[in-house]
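Two complexes are shown next, each including chain A; its partner changes from chain B in the first to chain C in the second.
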Partner chain A sequence: MEDEEHYRGGWELNSKGKLQLKAGNKLNKVGLGKIFYNPNMPELDDYYEPWTYDYQTLFGPEKKHQPVARAKSQITGQTMTLTTGPNWDDDLAGSPEYVKQDPNMDKIETDIKTNFEQAFMMYLPRLCEHCLNAPCVASCPSGAMYKRDEDGIVLVDQERCRGWRMCMTGCPYKKVYFNWKTNKAEKCTFCYPRIEEGEPTVCAETCVGRIRYIGVMLYDADRVESAAETPDQSKLYEAQLDLFLDPNDPKIIEQALADGISEEMIECAQRSPIYRMAVKEKIAFPLHPEYRTMPMVWYIPPLSPIMNYFEGRDSINNPDMIFPGIDEMRVPVDYLASLLTGGNVPAIKSALYKLAMMRLYMRAKTSGRDFETAKLARVGLTENTATSLYRLLAIAKYEDRFVIPKSHKEKVEDAQSEQGTLGYDECKGCSLAPQHGSMFKKAEAGESTNQIYAESFYGGIWRD
Partner chain B sequence: MSFESITAQPAEAIPTPIFSSAKHDGDRYSPFTVNIDRLVPFRTLTGRQQFYLDHEIFQEYGEMLANYKPTLPPQVMAPGDTTVKRDDHELALRYMTPHGKWNIHTMYYDNLEMLTLFRGGPNVWLSPIDADKAGIKDNDWLEIYNRNGVVTARAVVSHRMPAGSMYMYHAQDMEIQEPLANITGNRGGSHNAPTQIHIKPTQMVGGYGQLSYGFNYYGPIGNQRDLYVAVRKLKKVNWNED
Partner chain C sequence: MADFGSILLWVIFPYAMMLSFIFGTIVRFVWFRAGITAVSSEMLEKRKLMIGSLVFHVGIILAFFGHVLGILIPKSWTEFFGISNEMYHLFGSLMMGTGAGLLALAGMMILTYRRFTNARVFVTSSWTDLVVDVALLITIILGLASTLSGPLFPKFDYRETLSVWARQLFYLSPNWHLMSGVPVIYKLHVICGFLIFGFFPYTRLVHALTLPWQYIFRRYIVYRRKPKAD
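Coming up: the complex of A and B.
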């Protein structure tokens, strides 16, 4: 599904150098009748057909053979042969076939060999990118998708969604899904009720490896479009970087306050771990910037074993070895560049040099060995920044990882009178809402509470 | 005590029914403190910490100190076993049953979510080199057997595997998606069907200093590694649910 040449997600530049959705603009969709037939729509088999097991057979009568629960489709109920699933190629499973299908392989020069000695893999956890230039929003014929002004979260208005599913095609990361029960599009909500309360998202909060960070970024919204129109795709990363504003710059602070951004927000932007990693240290990168989406979930490229000397006995005494070493990394640099910078290899390399040097420095420090600290300057670090970067990445304290201001809804609405308004009766977002709705109708029609209770519950369990 | 308070400075935990900690007089719970602090002799022949084993059976096997022993020669079937008609394309692979990525023994692996997050049923991993030799493609049904038993599973072909070895991750449920084996006509077993416990004569030593049986203290270990299996395609996938 990563092959957006096939699924036509994201943006491209037209002959005038202007942005246009890869799948075509609105006129084209209506004119060519594509609004009713979308040839680029990923189909069920492009995801997978969900299955379950016939568990009931395990409780059947005694038979000659021990019983077995077979897979059956959750859609048709028929027994099915499993040939694909959401994590089918996990840990290089089926690699002889699937490595070839990785579109990132086509774009790089390194010859990837699928043999045991040179095997490499990395996990890439993906969620919605909450893009600055979101093609899902631009694709929706009903205007049901929107990016919130206050925090940049991209959401689907469940009331307005008419099930066109153009957002699914439009999103090059394929992060909008269709709910066949409600006939509405659904996507990652960046756990906005938590963000509004200053809490991290559930995926970030629960990440065992503590690899997820959340922070505020100030950016210049007026320049997003022109940045996304940067002709050379390997310059898109830098163009996006250029949109981010320095929260410590007095002029920026003044302008932000004038634009109604709260002091708390500005203060969080100043302490933002994301600003530190993306802008100050330049060790984090956007996923597939060449889609021209200006994505807002950034990734730190992984260090990986380096064939010879790098981690060897002599590496601490000779930190210079990291420079040739990075070129010999198991996960090739140009592979990382094709994922994270639209092919800008030097940007990835300097991030890896920095991470590797930080590690060598910290190792020398904790093992009481000599380290020529002047070397740190070659990768843009000082003893102080190396130590604090190490603390941010390796100690990764909760309060350093998540610096999230509260949304202060009380400033925009009367919080007291809003209390309890999102409740049972008309809350369409809750799956039980129709049931509750019918209960209210019954009550209005004069049924007693006891009657309603007896009809709707048994033993305290919802009957649905 | 909270996570924050213990990251700020060390804090002392008191013993609880579920976790040991400081005992009394500042003692810490750690092994052998009684032997070091109170000078109670270690329960060895010499009364000291002892690595060298001078028992005659250990001497006979050359295992007085920890040492390297090569693996056993490959053996799938032995003389006198039931004869299994060999297949033209049959591999003999070293068979290993490591712990899975998501599960500890049977815990967590066989629920719908985790099965959905991989191949949906029993599977074995092998290298593309071996797979090519036997004409095996990814997701083919395989029959794996040796003198101990037979198991059926889907092939996962990956260059993550070195040639000559096969993995079947621990504790995959044999009541889910497990067809009948062609060899026995019965339902295949799980990862432990082709394994067997090797007992070494040195594990029979007892009543000799520290080599004395005590529950969770000393006894023969269950070593069921160092095994080979014959691997071939499962010709007929028969579920036979009646």
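Coming up: the complex of A and C.
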């Protein structure tokens, strides 16, 4: 599913060096009948057909043979044969097969492949990136998709969506979905009613590992297009960095205030954990910048396979070991660069050096060992910045991770009439739970709670 | 009595269907906008849709313009431009009309077959989807049959009867007597066509009214902001 040469999501440069949707330009969409049939759209079977099991036969009358719960399609209700799908890779089961299909592997040298398989497992949550140069928005013929001027959240206007499905294929991260009950596109809303109130998204708030951070970034919207037209793929990461504005620069502050950006927003931008990690320390990277989308969910490359490699080899006493150590681990570095920087390996390396050095420094500090602090300078850290970066990444306090200004909707709309509402219109059919949850159905049919409990809880398991 | 039947069929019925079309469209676009969609089932089945949908849409759009040409443009106009009656009927009506009709028919047959035989598509179809499919198929068959039957009725010129009546509908003074000499097959096609008009806005067909023309002219990235309070 990740092969965008096949599914044609994102942008490319045309022969004149101008930005163009990979799926084809505007005229070609309407003129060549792509609106009647989208050739790039994945089919249900490219994901998998959802199914449930026929549990009732397990609890029927006594039979001669052991009853079996057969798989039933949740779409047609027919018995179906289960086949493998893209969501089926559980860690090492079948990895050599999946690794072969990974388009990111084509970009790195072949002799590394098997090594990689032995070396590490990596999990990469792919979210809607709320791109600066969002191809889903650009693909939408109806103009139903838009980027909010206030906070950059990309949304689908359900009133205007006509189900042409260009956004689904236009997004190279494949993060716009088709609801086959409402026949409209749906996507991550970045929990905008929460963001408007200065609260983090639910995925970030509930993250057990506390690895999700949300903060304000000021950027120059007028330069987005030219930045996305940077010819060299490996320069796109730097081109995007260049778009971000320094919220401490008095000139920027003056201009921001003149453009109607609130002081609260500017103050949050100054304390933004994202600005710190992405621009100041350069330890976070955009996902697949080569799609020219200017994505806004950035990832810190994982250190664990590298640390495992040289930890226990006296690295605290000899921190210089991390440099050859990281260089030797060409596998993850190459691979990470193909994921996160469009092939810019030095950028990934310097981030890993920095993270590893910070870790060694803090280990020496907390275990009371000596550490030659001059070594920190080699990766662009000082004792202060190393300690505060450690606080931000490892202690990860709630108020450090989430620095979100309120949107002050009360200034633009009648807040009283919004009281007690969801912040968005309720949509019948948007949630499939009422259709599939047997408890909802039973409750609607008038069964009492006790009855539902007796029917659903048996054999020590709650069966919905 | 015969008169009453004619008035019912060629005056009351067309206006009822046109009113239904206007009423439904307004209701749909003003109060039920969120429900307007192309109702794509491409997610569920792709191969038959590719051929069926492309061929059907090209055919039906050509047929639409053919109808505009044949009905809305008076005979005197085409004659003014030096197009003789024989030329019009041979090239315009018979050849191009048949071509468009065959495309639409082939596409619609594939789409209808797909809708009724593919289990995934069938169970996710609403009853209006099924009705629309069958109604379009019947109307296209009748329309194509009318076009092909042209040479069978050498004395009948729809541009002097049917088209005049159809234009009169817009001036609110339809002369139903004009329809008396029209062959049955044309009549059936007209009735089916108006029936489709009548339920057009209440079904998936409504997506044809939301052609996204503005896409060609707009910039790529759309920004929206909450309007500032005064």
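Everything that follows uses one rule, which is that the second predicted complex is superposed on the first by the 396 of 464 C-alpha atoms of A that agree within 3 Å, B and C clash if a C-alpha of one lies under 4 Å from a C-alpha of the other, contacts with A are read in each partner's own complex, and residues count from 1 in each chain.
Assume contacts are C-beta pairs under 8 Å (C-beta built on N, C-alpha and C of every residue); 3 or more make two chains touch, one makes a residue touch a chain.
Predicted model, so just to flag it, every value in this text is computed and none were measured.
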- Check the residue A:69 against both partner chains and state whether it touches chain B (first), chain C (second), both, or neither. first
- Query: In the superposed arrangement, which partner chain does A:145 touch: chain B (first), chain C (second), both, or neither?
  - Reply: second
- Examine A:44 and indicate which partner it touches, taking first as chain B and second as chain C; both and neither are also allowed. second
- Task: Applying the touch criterion given at the start, work out whether A:203 contacts chain B, chain C, both or neither, answering first, second, both or neither.
- Result: neither
- Message: For A:377, using the defined touch cut-off, is the partner it touches chain B, chain C, both, or neither? Pick first, second, both or neither.
- Response: neither
- Query: Counting residues of chain A in contact, which comes out ahead: chain B or chain C?
  - Reply: C
- Task: Would you mind writing out the residues of chain B in touch with chain A in their complex?
- Result: 7, 101, 112, 115-121, 125, 127-128, 131, 138-139, 156-163, 174-180, 186-187, 239-242
- Message: Help me check something: in the complex, which residues belonging to chain A touch chain B?
- Response: 50-53, 57-58, 63-71, 82-83, 85-88, 90-97, 114-116, 119, 121, 397
- Message: For the complex, give me every residue of chain C touching chain A.
- Response: 33-34, 36-46, 49-50, 53-54, 57-58, 119-120, 123-124, 207, 210, 212, 214-216, 218, 220-229
- Interfacial residue positions of chain A with respect to chain C in the complex: 19, 21, 26-27, 29-30, 33, 35-39, 41, 43-44, 75-78, 133-134, 137-138, 140-143, 145-150, 158-165, 178, 180, 182-184, 221, 224, 409, 411-413, 425, 427
